[in-house]
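There are structures below to look over.
Each of the next two complexes has subunit A plus one more chain, namely subunit B in the first and subunit C in the second.
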Partner chain A sequence: MNKPLIKTVDLSKWYGEIIGLNSFEIEISSGITGLIGPNGSGKSTFLNLANGTLKPKTGQITVLGQNPWMNSKLMSNIGFCPDYDNLSDEVTGREFLELVGGLHGIKGIKLKNRINEISEVVGMKDELYRKIGGYSKGMRQRIKLAGSIIHEPKLLLLDEPLSGADPQVRKSLIELIKSLHNDLGHDIIISSHVLYEVERLTNKIALIYKGRAIASGEISEIRNLIDEHPHNIIIEGNKISDLAKKLLDMKYTISVGYQEDRKIIKVQVSKPDEFFETITELITSLDCEIERMYSIDDNLEAVFNYLVEG
Partner chain B sequence: MKYSIRKILFKKRIIIAFLILLTVIGIMGYAGSQNTNRLFTGSELLGILIVTFFMPAICMIYGSSVIRDEIEDKSIVHVFTSPFDRIFAYFSYYFSLVICLSLIIAVVTSLGFISFFAQQGIDGEAMNIYYTFMGLVFLGVFVYSALFLLTSVIFKRPIYFGLFFVFIWEGFIGSIPGNTQKISINFYLKSIGSKQLEYITVNGATDVNTSLMVIFASIIILIIFGSLIFKTKEFT
Partner chain C sequence: MGIDRIKYRPWNGEKSSHFRRVYAISRKIFFQKMKSKGILAILIIGIILVHAFPILFGAVIPHEELTAEMMVGDNVLIGSYLKNGLSIIFILLLVSVACSDLIAQDLNDKSFVLYFSRPIKTLDYLTGKMGGVIGVISILTLVPLIVFCLVMIGTQTGDDYGSSLNILGKTIIAGILTTVFFISYGVMISSLTKKKTYAGVGIFISFFVLTTIGSFFTTFDQNWSLVSPTNLLFYSYDMIYGFDLPTDLNPNIFGVLFVCILFIPLVVTYFQVYRIEVGK
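Moving on to the complex of A and B:
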């Protein structure tokens, strides 16, 4: 069996009274791994412990078989793309890459060639001589990614790289991240609080919640875990009492409750996929007007509460 | 280092250095137009304006912000996640700071000197004053840079410590007669000056070797201490 890229044993990190990670145990192997958890769950803390910018309070973390804390040599094998924007607006994309490349000991013609190479990979070749201040959100993300791969690291740690990007940019970034693994062979750990985004990148995920690793494995297994738990859906509209009655007859419905003047119903279902497959047909068969329908469990926080508390 | 130098010199902060330059030129230029004992007055002005006040103030303004600015804008992460040893990175920040501050303060000192002595007459004795003060400010830059770089790693708001140090510690304690003044850096700089120029008087001045030893020991201790803190610094 291959050695894990990252292995933690009883890893904890807290900031004053705030817990970042709590007895965190995980093993991550090669490929693309999605680190999923709601905001504040400990994803960034984990990545910062992995890149050696934070020191564990207790427990151990090994990255590529080594302890990352105060281990600058290991950094030549790790590329880190943070979730925040730490780019200077005053420099050009090329100057930024020269700086990062220089810090990794790449110089002269080798640096020049490498910048040309990676700027093509991230689709920024024509923008290199522009100041970063004039870049769009997507361009900034791309140049950050270029900076994190300039030294050809084995392992790439990407902290929420899709956050804040519009759908088109997200799509192109997802393609780019895929190609970093498929074409260039980087092992990637990508954090996100949006499950479906990560599903488009990999089928291997780890769930983090309140500083703990609560599940890891194939995405289908996690999906099953999530689907086994009841899902709450709100339907708003006129004349929806018939719909409520019909829904009560469906196998997947656990309960139906009225809210505010019988114009809103809250449906609890055991199989959300089946619900969404059949609901359109039900609505069209009845004389009801639906104004809004949404799942109140779409946020990961709710899903994680299900998984942790059952 | 090239990037750090560029960052130091081309930030808006350079306006402060420019204002200081104008103030020094204004004061020394006005004094130069008066009928005065040129060697004593010129030395006194350079001592008060540059060595006691502006040199530590500029070192404080720049030194306490070099690393702190990068921590605040999070660009320090590039350094922390590179294979570049953090101790060497700290030395690199230090030498970038020393180069930039030496340049800025050399310009301020030179133009201040010219604006006074050009009116009063530049001869061999005046040049001796110039060389002595240039030596003192370079020494001062080395030691104050080491101190304020250290504070930028330790404190979240190093400027408060810097204001206290420059105005109260160096400005006030450094001028108390007796042994108390010996716990300020300024005292040792002026002591060296007083042994080189008869126009500078310091009560209880220490000899040049002792002063140099204290200054170099301070530089070494401050740099070692700062680099070790930087090496073990977490980025949250």
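Moving on to the complex of A and C:
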């Protein structure tokens, strides 16, 4: 049996009176693993403990067989893509990658070649000389991803990489993340609060709720549970009234409601998988300008409660 | 989208090049600062107002050799090149602008993760950051001093070049000391706040507050003049060039304050970054 990539034993981390993780126990093996949980469940805390930027209060965590805390050598084998955007607007994509490559000790012609390679991998080769301030949301995510793979790490930790992206960008990012595993062989742990995004990447998930790992394994069982609950999705953008009308005609739609100046719609669906399969096509055909789309995941909360009580 | 499997070749290079990683941070900081119009303006105006005239003047005035009196004494021709109040103001302005966001910006936008989720230790991070800003500040605190000395040596009428080169060496030490002296203070203030404006103003104001306190209490005891960072720096120049401290100053107090103002800010900065890196 393969050694686990990450193993935790009775791992806890709290910030003052706020609990980040509570007796968290998990084993994550090779491949792509989805870390699913609602906002504030402890996903980011877990990833920050795994990348050594947080110290556990109690318990143990081993990453690739080593304790990550203050273990700068281990960081050569880990690529981390944070959920927030701390890219400097004033630098170009190439300058950002030069810095990150330099932080890993890559230099000269090797660094230049490596930047050319990974910029091609993430589809940013033509944008490298533009300032990051002019990048779209999707481009910023791509350049962050490039920064996390520049040193060819064994393990990639991606914290909510799809958050806030529009459907087209999400689709392309999902393809990119898949290719990072399938073609380049990176083991990936990706956090999200939307099960259906992760489902497109992997069938291996771990559920995290209120700082505890409450279930892990195949996604299909969890999905069946979730399908029993209506799924709420928020869509923001311009010219979305046509989309709202069209959605009402779809079999999976339970209701569609407008919010705030008719620029936001809340869609309740019974079969989220069908919704996510068709929504990109609908948006393209109706020529809508979608700014954001995200799941409220009330239903996921219900499933978590069910699992915790069960 | 897609990946050309044949074209892709994973990087298998050296991953533990320590110096390279620190240099990458310094390089980024140096070029980022040198793109700032504010910093460029201070550098250009400072060099013209503080250094250009003494350098030109020194070149045309006949002199036998470069002497310590020209640097810190009361030379009849040059005055005291190093002990120049205007120079301190420009250095302080430059340090306030260049150091203000050095740590504060990372505190504000969580950029620490960019560094510490990679093979970078706290000391590497601080060395890299300070290295970059040392490069910038040196343009005002070290480079003109060397140019001045070289001009004076090049135009001297006497043949005691050994003595002049000795002064050049001491001047380089004085320039390095000035740079580190101001930067360690500036970086500490930057590590104490998330707002670079507060840090910038804090660096500038706190220097003047200490100077004012020193001046006020000097009437009671001359040792109070050592509370002023400027005086402390000027007295340390005297020591470097082989002059004695004024007799009414206690050398022990001078030593303690000098070590405190040079090293305590570095220690505070290290633990401040370390504390934040650890997380609360």
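Just so we're on the same page, the second predicted complex is superposed on the first by the 233 of 310 C-alpha atoms of A that agree within 3 Å, B and C clash if a C-alpha of one lies under 4 Å from a C-alpha of the other, contacts with A are read in each partner's own complex, and residues count from 1 in each chain.
Just so we're on the same page, a residue touches a chain if its C-beta (ideal position, glycine included) is under 8 Å from a C-beta of that chain, and two chains touch if they have at least 3 such contacts.
The shown structure was predicted, so the numbers you read here are calculated from the model rather than taken from an experiment.
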| item | value |
| --- | --- |
| Room on subunit A for both subunit B and subunit C (clash or fit) | clash |
| Which superposed partner A:E274 touches (first subunit B, second subunit C, both, neither) | neither |
| Of subunit B and subunit C, the chain that contacts the larger number of subunit A residues | C |
| Contacts of A:I106 with subunit B and subunit C, given as first, second, both or neither | second |
| Touched partner set for A:R114, first subunit B, second subunit C, both or neither | second |
| First (subunit B), second (subunit C), both or neither touched by A:E236 | neither |
| Touched partner set for A:P82, first subunit B, second subunit C, both or neither | both |
| Partner chain in contact with A:K55 - subunit B first, subunit C second, else both or neither | both |
| Subunit B clash site on subunit C (candidates 7-15, 151-159 or 205-213) | 205-213 |
| Shared subunit A surface residues [contacts with subunit B and with subunit C] | 15, 48, 51-55, 70, 72-73, 75-76, 78, 80, 82, 84, 86, 88, 90, 99-100, 102-105, 151 |
| Interfacial residue positions of subunit C with respect to subunit A in the complex | 1-5, 7-18, 20-21, 23-25, 27-28, 32, 35, 109-121, 124, 277-280 |
| Residues on subunit A engaged by subunit B in the complex (per definition of touch) | 15, 48, 51-55, 70, 72-76, 78, 80, 82, 84, 86-88, 90, 99-100, 102-105, 147, 151 |
| Contact footprint of subunit C on subunit A as seen in their complex | 15-16, 48, 51-55, 70, 72-73, 75-76, 78, 80, 82, 84, 86, 88, 90-91, 95, 98-107, 110, 114, 117, 120-121, 123, 150-152, 172, 175-176, 179, 183-184 |
| Residues of subunit B defined as touching subunit A within the complex | 3, 10, 73-75, 77-86, 231-232, 234-236 |
